[in-house]
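Okay, so chain A shows up in both of these, paired with chain B first and chain C after.
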Partner chain A sequence: MPELKIEVIPEGTVIDHIPAGKWPKVVEILRLTKPNGGTLLIASNVPSKKLGRKDIVKVEGRYLSEEEVNKIALIAPNATVNIVKDYKIVEKFKVEIPDEIVGILTCPNPNCVSNHEHVLPKFHVESREPLKLRCHYCERTVEGDEILGNL
Partner chain B sequence: MDWKGRDVISVRDFSKEDIEFVLKTAEWLEDELKEKGSLDYARGKILATLFFEPSTRTRLSFESAMHRLGGSVIGFSSASSTSVKKGESLADTIKTVEQYSDVIVIRHPMEGAARLAAEVAEIPVINAGDGSNQHPTQTLLDIYTIKRAFGKIDGLTIGLLGDLKYGRTVHSLAEALAFYDVELYLISPELLRMPKHIIEELREKGVRVHETTDLKGTIPELDLLYVTRIQRERFPDEEEYLKVKGSYQVNCSLLENAKEGLKVMHPLPRVDEIHPEVDKSEHALYFRQVFSGVPVRMALLGLTLGVLG
Partner chain C sequence: MPELKIEVIPEGTVIDHIPAGKWPKVVEILRLTKPNGGTLLIASNVPSKKLGRKDIVKVEGRYLSEEEVNKIALIAPNATVNIVKDYKIVEKFKVEIPDEIVGILTCPNPNCVSNHEHVLPKFHVESREPLKLRCHYCERTVEGDEILGNL
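For the complex of A and B:
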């Protein structure tokens, strides 16, 4: 297969190995569309050896921190992040699920206070493998498909 | 141990040391109270009881505790009498009420409401029940009652009977008992078994757990039988409720095979799970359990206010 041409950015952050179709969620969670957010280059449904198909998000002129990018770990657990300076990758890391998940996942418990009051939903990671989270407010645990369904 | 300003939201926040400290304080207060009649550790302090859903017993128990400590009480007993009805947020209600008081006790129909209230308030918040989630003061008074009746908790064989699936009280009690060296019999109809994840947690913490539907056969093993009511309102499905309604009753003939010292507890109110004839027997511990609520809540109020010790 010929190498696909994707524009190279002079500096910024490249988020690679996002599951195909998930780029809008990544952009939303990382708030990449806010006015000073830098130019966005998106490649969707790119053939990938690892994932079959994948999405790539490039943010020009902005360096995203590890902590910032870790927010997407729930939807893109295999994502890799490249920090580019002067057309060269100067730093590379894999996303990691943080100890606390704030404001990304809504609580599946309809009677949870976080679904009724003006407050950011918050979860504590109980286990990573398999992924199990506990709601900070109602204390109910969520796992598997329930997590994906409430992102 | 520094309890001043601390919130009491969930049994999950407690260590064994925390529990023991509360029990010791309650025991000391109960003796003080017996000796002096009334106390004045909380003189000049105000408790606000915010009951967004009614629970007369729990509210009276907290009010009695605060009065016995020499403090005073303000509050409301249903959301319809407050500005919540006008659409005020929980956070705003809490921020307003804390201007009038030194400690808040909250009961709310939504899970997590007490945690949210505690995050908003500068003063201590005590959870008196948030939906089907937690009711930590009930658990502490249960443990206190057991300790006072037996002089210990380690070494006891305890049966939890009834609605182990939806019963908030037994979930928290089991969690707290896991700090001790106990053997647990989980006795329930097939439909109302204790959730698997709780049983797993108990086993991980070293508790010997047995599941059974056979109440009669289990009775002779037990030092303590903790009975719960089947709560119609917790059932998502009426048909399921009708299948298990009235499926067990503790009466004197059942207790004939019990150990001499067997004690029966129940968080009350009861419907028909314990026959009134048991009340007069040596086994009944449930009214003593109600009484225990006062010293335990006195301890929690006094400790979080920072007026004790």
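For the complex of A and C:
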């Protein structure tokens, strides 16, 4: 069969160790459904020593903002981000969930002040595994799919 | 950089020659955002001799129904479908837009009888390039993004 040759991307970002099946969330966070001119490679449910199965997303010609990395951390807390330039990895880091999550997740409580006033939403991390966050303003806790749904 | 090794899928379907950027529609038609237990590989905007740039989708352990192939034909009229079994291509065919499209596209005319009675929607192909369809019941023509939006 004609093998799908996955070219090494000349420059861009490789997000590795995404939990299996979570690639659509990464695509959504990075808005990758619209082509950016470069190649996009997605491999889902591939064997992984660390995770059993994992997803990988490679995006040519694209680098991530801190906000994008923090969003990815919320859905893929063990993800690794590789920055590629001139065919080489020039930087590699694990995503990290910051102790305070400011401005990237909206509070699911419709009465929370952060949904009504000009206030950036802010959450404190109560637990990392499983991930559980508490709204700084209304103290509502958010976990699981509710986190994904409010990113 | 660590190369993303794209394993040859042991069995399943390879959809090749999808127009660049249209992979999200193929994923939607085949409902590939939920893992099926096998590996999923998506390559978008890769160089192609025929198309300049193209998308490829490989799905392990999955075969397509006639309805799925016909839906793909509407968004990727030059796509090739390769059926893989035991690491070999056992069948290869080009998708084809049938002369009549029955039951896979709903009519965008809200007053069309096919949206109200127990009648399968039916369209006749008026033109293939660009694709233009005419509703059998209300004679409304459908083309472009309207086709994608009503699949």
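In this section, the second predicted complex is superposed on the first by the 91 of 151 C-alpha atoms of A that agree within 3 Å, B and C clash if a C-alpha of one lies under 4 Å from a C-alpha of the other, contacts with A are read in each partner's own complex, and residues count from 1 in each chain.
By our rule, contacts are C-beta pairs under 8 Å (C-beta built on N, C-alpha and C of every residue); 3 or more make two chains touch, one makes a residue touch a chain.
As the structure is a computational prediction, the values presented were derived from the model and not from experiment.
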{"item": "Partner chain in contact with A:114 - chain B first, chain C second, else both or neither", "value": "first"}
{"item": "Chain B versus chain C as contact partner of A:56, first or second or both or neither", "value": "second"}
{"item": "Comparison of chain B and chain C by chain A residues contacted", "value": "C"}
{"item": "Which superposed partner A:31 touches (first chain B, second chain C, both, neither)", "value": "neither"}
{"item": "Touched partner set for A:82, first chain B, second chain C, both or neither", "value": "second"}
{"item": "Partner chain in contact with A:128 - chain B first, chain C second, else both or neither", "value": "neither"}
{"item": "Of all residues in chain B, those that touch chain A in their complex", "value": "10, 12, 89-91, 108-113, 115-116, 130-134, 197"}
{"item": "Residues of chain A touching chain B in the complex", "value": "109, 111-114, 116-119, 135-141"}
{"item": "Residue ranges of chain C touching chain A (in the complex, touch as defined)", "value": "1-8, 14, 16, 20-21, 24, 33-35, 37-46, 56, 58, 82, 84, 87-89"}
